[in-house]
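Letters A, B, C and D mark the chains as written, and numbering starts fresh at 1 in each.
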Amino acid sequence: MLEVINLGCLRGERLLFQDINFRLEPGESLVVTGENGSGKTSLLRMLVGLTPLFSGSIQWKSRPIDQMVGEYRRELLYCGHPLALKDGLTAVENLHSIAALAGETVSLTAVHDALDQCGLNACAPMPVRALSQGQKRRVHLAKLLLLKRSLWVLDEPLTALDVNASRHIVQAIDQHLRSGGIAVLTTHHGLPLAFTPQTIRVGA
Amino acid sequence: MNWTSPSEFFAMGGYGTYVWGSLSVTVAVLFVEFVLLAKRRRAALVRIKYNTTLRREVGK
Amino acid sequence: MIDWFKYSSPKTFYPIAGKAIPWFAAIATVLAVAGMYVGFFMAPTDAQQGEGYRIIFLHVPVSWMSMFIYVIMAFWAAIGLIFNSRLSGMMASALAPTGAIFTFLSLWTGALWGKPMWGIWWVWDARLTSELILLFLYLGFMALQSAIDDVRRADKAGAVLALVGVVNIPVIYFSVQWWNTLHQGASVSLTRAPSMATIMLVGMLLMALAAWMYTAAISLMRVRCLILEREHHAAWIHELKEIKQ
Amino acid sequence: MNDSLGLYACCRIAQRDLKLAMRRKSDAATPLLFFVIVATLFPLGIGTEADTLRTIAPGVLWVAALLATMLSLPKLFEDDYADGTLEQLALSSAPLSAFVVGKIAAHWLLTGLPVAVLAPLLALQFHLPSSSLLVLSATLMIGTPVLGLIGAIGASLTLGIRGGGILLALLVLPLYVPVLIFGTGAVDAAAAGLGATANLSLLGAMLVIGFFFAPWAITAALRIALE
């Protein structure tokens, strides 16, 4: 499904990594490890198509991703470092607009359901400005449940989450993999997934 | 030939200031551009030479 | 079929440019001397403007060149965006300062011509005004490139700006001319100098070619500087004879 | 399918931007206030002689409008860029250019349109004949979206750059020249009793051309900024 061949990344004048190879089939996951500044985030951004490739290729269903931009993006969900939430909007409004801007129409009940599953029903009508950092993160990750996408690319999904919320996320990822999804993630913490993920280490 | 004497040439029929003002500034600006570039090149070379020797020292 | 991509690598281009620079510089000097000789010794005195008109042998070529350079710059920018080649971006960056200098010189010589002809230093003439805006475009391009730290991003952003600029230049020129006729009536045009004799045209063409060759030489010099600055980590740089000696 | 998706995306982002602006009304009103104050300063600086004011009115009001729309341009993409929304938009299955157009439309509704509505009132202070008031408003109606399209190019190029705001002005102001010339030209022509249609149609042509080309440049610049 997702295949990465001889991927290399040049940042400024520095070669961050080269010859990265992996292949993920439905139900499989990959954890990218490495030190700060080793290029984990760059790898993910290449994977979703934000950063152009310096060398190598990325294929989805045996076709290079830059040849099937629209199709690939409809199956892809990327959660980066910034949360992409608007302080002035409520949690519900934020999720609703995120879904709409991602190109999907979702009902308000679906939004509320997703928030419920993340344990945020009390926060739903509050402006995001009033939420704690961890709560914001959970709102951000609620879109994993809201948008039905087959490829999840998550950059440090457990940052700023308490034990309880982390477990929620891990469960969500497990559920995603069980139903035939693919996940690529970076993490500093151990990630007690039900299926053993592939791991890859970037940087020298 | 238009000019009978050098002084006539330099006077430019009363327009000397303007004609020579244009010419001198043009020449000066282009010359300065050249000099600055030559300096820039020297600076770049010095920096690279420094790095090269550093490499050799480390390589030894 | 020539392998253009081979020549677009900085490593191959650097020595070729180094060999070409003296030639361009020599041709520029010869042409400039010939042009000046024609302009100052062969061209006759103008009936209306006296000797003052001889400024056009500088003014017209630098003005042509100032506009021409922007177009070449945009050309390299487009190539850089399409083929994602590093050298094209460097070419565009190398041309901008020279273009800005020629634009400044065009304004300077234009003002020095305007003073005796019209009695004032600055006339809101369509051409002069367009040149002034062109200078702003060059300065904007250079400011944008120097404000971005990542050179690859700087090249690409500059390329987009150059393309936007080159699309806009005709619109700007047309609008300024429209505005000029509206506010001033017919203005004295600099290039429509009365009864352009063939010999004057020859002088101007020689000077224009000289400016062209100068631009080639100086921008190649600047490209070489840019290559040295940007690729200083590359192994081939350390093998150059100017480094080894 | 793709077109309707684009249109939907365009409307949704415009709607969201307007909603956000309505929650911070003071921010939204700043450019407008700026416009009024700048226009008021000119009579104070130049004097209150009616003929002089009448002559400078189109230029002053147009330059003030131009600066007012430019004032809020750095914000156009900056917030979305900083909080990561922009990269999500770039990864959306809807085309990025649709979002760009939507954001520019919202920006215009918040600055260009109110300025165009307000300008005739200020023009009265400058003793502009009532016949040219409507023309002034019309030129601003057509001209400010062009300013928005051009300005957005500058905003996307200077995204995330130190000193971006002032650099934006340097990049964008020279490109504003044609709009300024045809905008003020129309008002002058109307005041002189000549028809303003020629100028207005030229402005309209620029709007059409800008609408087709600017989004391309903006999306290219945004993707470069996101790399």
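Keep this in mind: a contact is a pair of C-beta atoms (placed from the backbone, for glycine too) under 8 Å apart; a residue touches a chain by one contact, two chains touch by 3 or more.
The shown structure was predicted, so the numbers you read here are calculated from the model rather than taken from an experiment.
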Next item on the list: Kindly indicate the chain pair that has more C-beta pairs in contact than all others.
Entry: B-C
Next item on the list: Report the chain whose mean Cα position is at the greatest distance from that of chain C.
Entry: A
Checklist line | Distance-to-centre winner among chains (Cα means, whole assembly as reference) | finding: D
Check: CA centre of chain B versus CA centre of chain D: separation in Å?
Finding: 44
Note to self: So the centre of each chain is just the mean of its C-alpha atoms; given that, what is the distance between chain A and chain B in Å?
What the structure shows: 56
Next item on the list: Round to the nearest whole Å and give the separation of the Cα centres of chain A and chain C.
Entry: 48
Next item on the list: Let me have the rounded angstrom distance from the C-alpha centre of chain A over to the C-alpha centre of chain D, please.
Entry: 36
Note to self: At least two partner chains per residue is the criterion; list those residues in chain D.
What the structure shows: 227
Notebook entry, point to check: chain A: which residues touch two or more other chains?
Noted result: 52
Next item on the list: Identify all positions of chain B at which a residue touches two or more other chains, and write them in rising order.
Entry: none
Next item on the list: State the interface residues of chain C toward chain B in the complex, per the touch definition above.
Entry: 40-45, 50-52, 54-55, 58-59, 62, 97-98, 101, 104-105, 108-109, 112-113, 115-116, 214, 218, 221-222, 224-225, 228-229, 232-233, 237-238, 242-243
Check: For the complex, which residues does chain A have touching chain D?
Finding: 48-52, 70, 73-74, 76, 78, 80-86, 88-89, 93, 97-98, 100-103
Next item on the list: Over in the complex, which chain D residues touch chain C? Could you list them?
Entry: 153, 157-158, 161-164, 167, 170-171, 173-175, 177-178, 181-182, 185, 188, 206, 213, 217, 220-221, 224-225, 227
Check: Contact residues on chain D for chain A in the complex?
Finding: 2, 5, 8-9, 12-13, 16, 19-20, 23-24, 82-85, 87-94, 99, 223, 226-227
Margin query: So in the complex, the part of chain C that touches chain D is made up of which residues?
Written below: 81, 133, 136-137, 139-140, 143-144, 147-148, 152-153, 156-157, 160-161, 163-165, 167-168, 171-172, 174-176, 178-179, 182
